[in-house]
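Each chain carries a letter (A, B and C) given by its place in the written order, and its residues are counted from 1.
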Amino acid sequence: MSAGAGPRAAVLRLAGGLVIAVAWEVAGRASTSLLLPSFLETMRALAALLTGGALWRALWASNQTLIAGFAAATALGIPLGLALGRWPNPARWADPYLNLLLVVPTTALVPILLIVGGAGFAARAAVVASFAVPVIVQCARAAVRQVDPRLLDAARAFGATPAQQWRTVRLPAALPSLLVAARLGLARAVEGMVVVELLLVAVGIGGLLLDFQGRFDAPSVYAVMLVVMAEAATLTVAGRALERRLSHVAVDRD
Amino acid sequence: MISIVGCRKTHRGDGRQPPVPVLDGVDLEVRPHEFVAVLGPSGCGKTTLLRILAGLEGWDSGEVRVHGRPVSGPGTDRALVFQDFALLPWATVTDNIAFGLELRGVARAERTAVANRLIDRVGLNGFARHYPHQLSGGMQQRVGLARALAVEPEILLLDEPFGSLDSLTRRGLQEDVLRLHHETRKTVLLVTHSVDEAARLGDRVVLLGPRPARVIETIETGLPRPRPDDIGSDRRFVALKEHLWNRLKALTSR
Amino acid sequence: MESSQGADQPLGAAAPADWRTSLTALAAGAVVWELTARLSVALPPFSVVVGTLIELLRGDVLLPALATSLASLAVGFSCAAAAGLTLGLVLGRSRTAEHLSDVYLDAVMSAPTLIYVPFLFALFGVSRASQVAVVFAYAFFIIVTTTSAAVKQMDRRLIDMARAFGATDRQILWRVALPAARPMVLIGLSLGVTRAVKGMVVGEMVIALSGVGALLRASAARFDLAQTLALLLVVVIVSAACNLLVGRAGRALIDR
């Protein structure tokens, strides 16, 4: 779903947003439930959150975990994926485990990780990393496998050493897919962050959400939800923009 | 049989792109059983002309008639062979050939019988249960031809049918088409940008100018039917090609 | 023309020839696990975990919980598949509908689904319905986007061909559009069921009312590693079985 251009599309998108806002407002007012605030109430709560300090402190705490975990996942996952893609034969042995990790709900592993590691910053970052690693490995491996063998043949024909083959062919050709790996990994890392904070250790943004929920402050709960959506969407959009920028520089593959 | 008088068409631009005139008053008359080759430089609008005849596109002004009736949509009297084959990738050779019959509600047994006859006729014996991706380009286009013949049209519309084939395969298929035309006496309208193909196959060559297309010249080839195998060395054939080449060169160099 | 090639392979599945390698690798993993666990105290050995699993299966806690979970999964995923395929088809065919919703679907999809659980609570309360709704939310969006992408990417030329041969709109939908979209729709469904299993476990862990997820959370809270791992094995098996089942069923359904 890429953002297409054209004034008609822009008008339709605005209209879509308006419909959602109005429907939300009507539903919120009609509902007697304390848990379903109206759109305007939520916006007021959002404004209060944005001007206060609690939200920013929570965001800071959560994002520290996120960045540390994501950095660890990238540092571990990309080289591992590249190696598995480069040497497919030994990699066959890793296949079942990789598939398993992609399919198993990582959330179910979280309690174990916390039993072993405790609930501190490092353990939370490790959980975040464990969410992101499988998809990063999988994509990085695919990235190397997709490299056009003719390009490698050409490099070999010109006498490139293995190191030169990596530098001049494999990495540039794999770069766009590696960025996809990073973007998907980041999305999973955000998920990991939310899971830890909502489910197990009430800190950061998840802690804030649970706090508001405990006080039946529904507008603030929804405002925090919107903040998380905004952060996740921003990261995704930024990731895609970076991919577009760099894929023009690197090999053309569309 | 086919009668086109002063056909004009402008592709509407979509938002940012300006409208493009494609056909600028095309006149064309095709008699029953005739083989007419429409020759023109790439992108001159000849495919558009064929799509209009097939009933896939409308036109702005002028008249387009088949059997004296204005074309108002696809009809059972015409069958189109596509440049890129357009075979259903999930269907076998038999099912692809029988596709038109299936749409008309012909019973399976009957359409399989028709398909088998045609498989034999276009030289695909032993490939009835193959899928398109298991066939070479030339064989795929044989399926395309058979699919068109299966609905027993009076008019065959060929849209650069051999454009994506290598020269050897192309020559083989051209001979098949000549043979089929000779045997079935169907009216054929071929669109091509190959001077050789137009001269080799057509009773008449209609030369179109660059976009927006108009008929520049119509030439009766006067070559014998059936075409002898050594037509390539026939003096009239060579002279015709020379003439067409020169006209095309003059048209496109401006 | 290549779109059908390899279409029958579900995403990320090992090639059939690699079955033996995979089994060997898993067996080797079990042995390594057993040996390391015997040397350290923190990790229960594989044999103990399997023993716990057998005990659980004999007891009267796991099976009812599993039945509850599977029921939520079945209801949630079926609804998500039906609604997701329908909406995906609409979004793929109508540019207006697509532009009305794409930004918002994108935003909703990029955030972790778990964050919407408070919203689901608001609608359904702390109940079975909420657990089903979490399953639905996990699976729905991925099915919508893959289906609409499948329909959008479809080869215009095939539709033209069908029209040239006199196909009606209905015939185009059933004979061309749906078969052409099939491989990607199947991928969407299999991604969807994987996510549905995740949703099932996560929903039950958060809502902690019933099901395998609730058991998992309880045993983790007791620091009962053996039981936690045994339950994880159950989840793995459920997930793999669902993937197989959906692959088969989807193929049979779309093939007519």
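Some notes on this structure:
Just so we're on the same page, contacts are C-beta pairs under 8 Å (C-beta built on N, C-alpha and C of every residue); 3 or more make two chains touch, one makes a residue touch a chain.
Note that the structure is a prediction, hence the values are computed from the model and not measured.
Here the largest set of C-beta contact pairs joins the chains A-C. Distances from each chain's CA mean to the overall CA mean are smallest for chain C. Centre-to-centre separation between subunit A and subunit C, using Cα means, comes to 19 Å.
Rounded to a whole number, the gap between the C-alpha centres of subunit A and subunit B is 51 angstrom. Rounded to a whole number, the gap between the C-alpha centres of subunit B and subunit C is 48 angstrom.
Multi-chain contact residues of subunit C (touching two or more other chains) are absent.
Contact of a single residue of subunit A with at least two other chains is seen at positions 8.
None of the residues of subunit B touches two or more other chains. Interface of subunit A with subunit C (complex): residues 1, 3-4, 8-9, 12-13, 15-17, 19-20, 33, 35-36, 92-97, 99-100, 102-109, 111-112, 114-116, 138, 187, 190-191, 194-195, 198-199, 209, 213, 218, 221-222, 225, 228-233, 235-236. Residues of subunit C touching subunit A in their complex: 12-14, 18, 21-26, 28-29, 42, 96, 98-108, 110-119, 121-123, 145, 148-149, 194, 197-198, 201-202, 205-206, 213, 216-217, 220-221, 223, 225, 228-229, 231-232, 235-236, 239-240, 243. Per the touch definition, subunit B reaches subunit C in the complex via residues 51, 54-56, 74-76, 79-80, 82, 84-90, 99-100, 102-104, 131-133, 140, 147, 151.
Interface residues of subunit C, counted against subunit B in their complex, comprise 1-5, 155, 157-158, 160-168, 171, 175-176, 179-180, 182.
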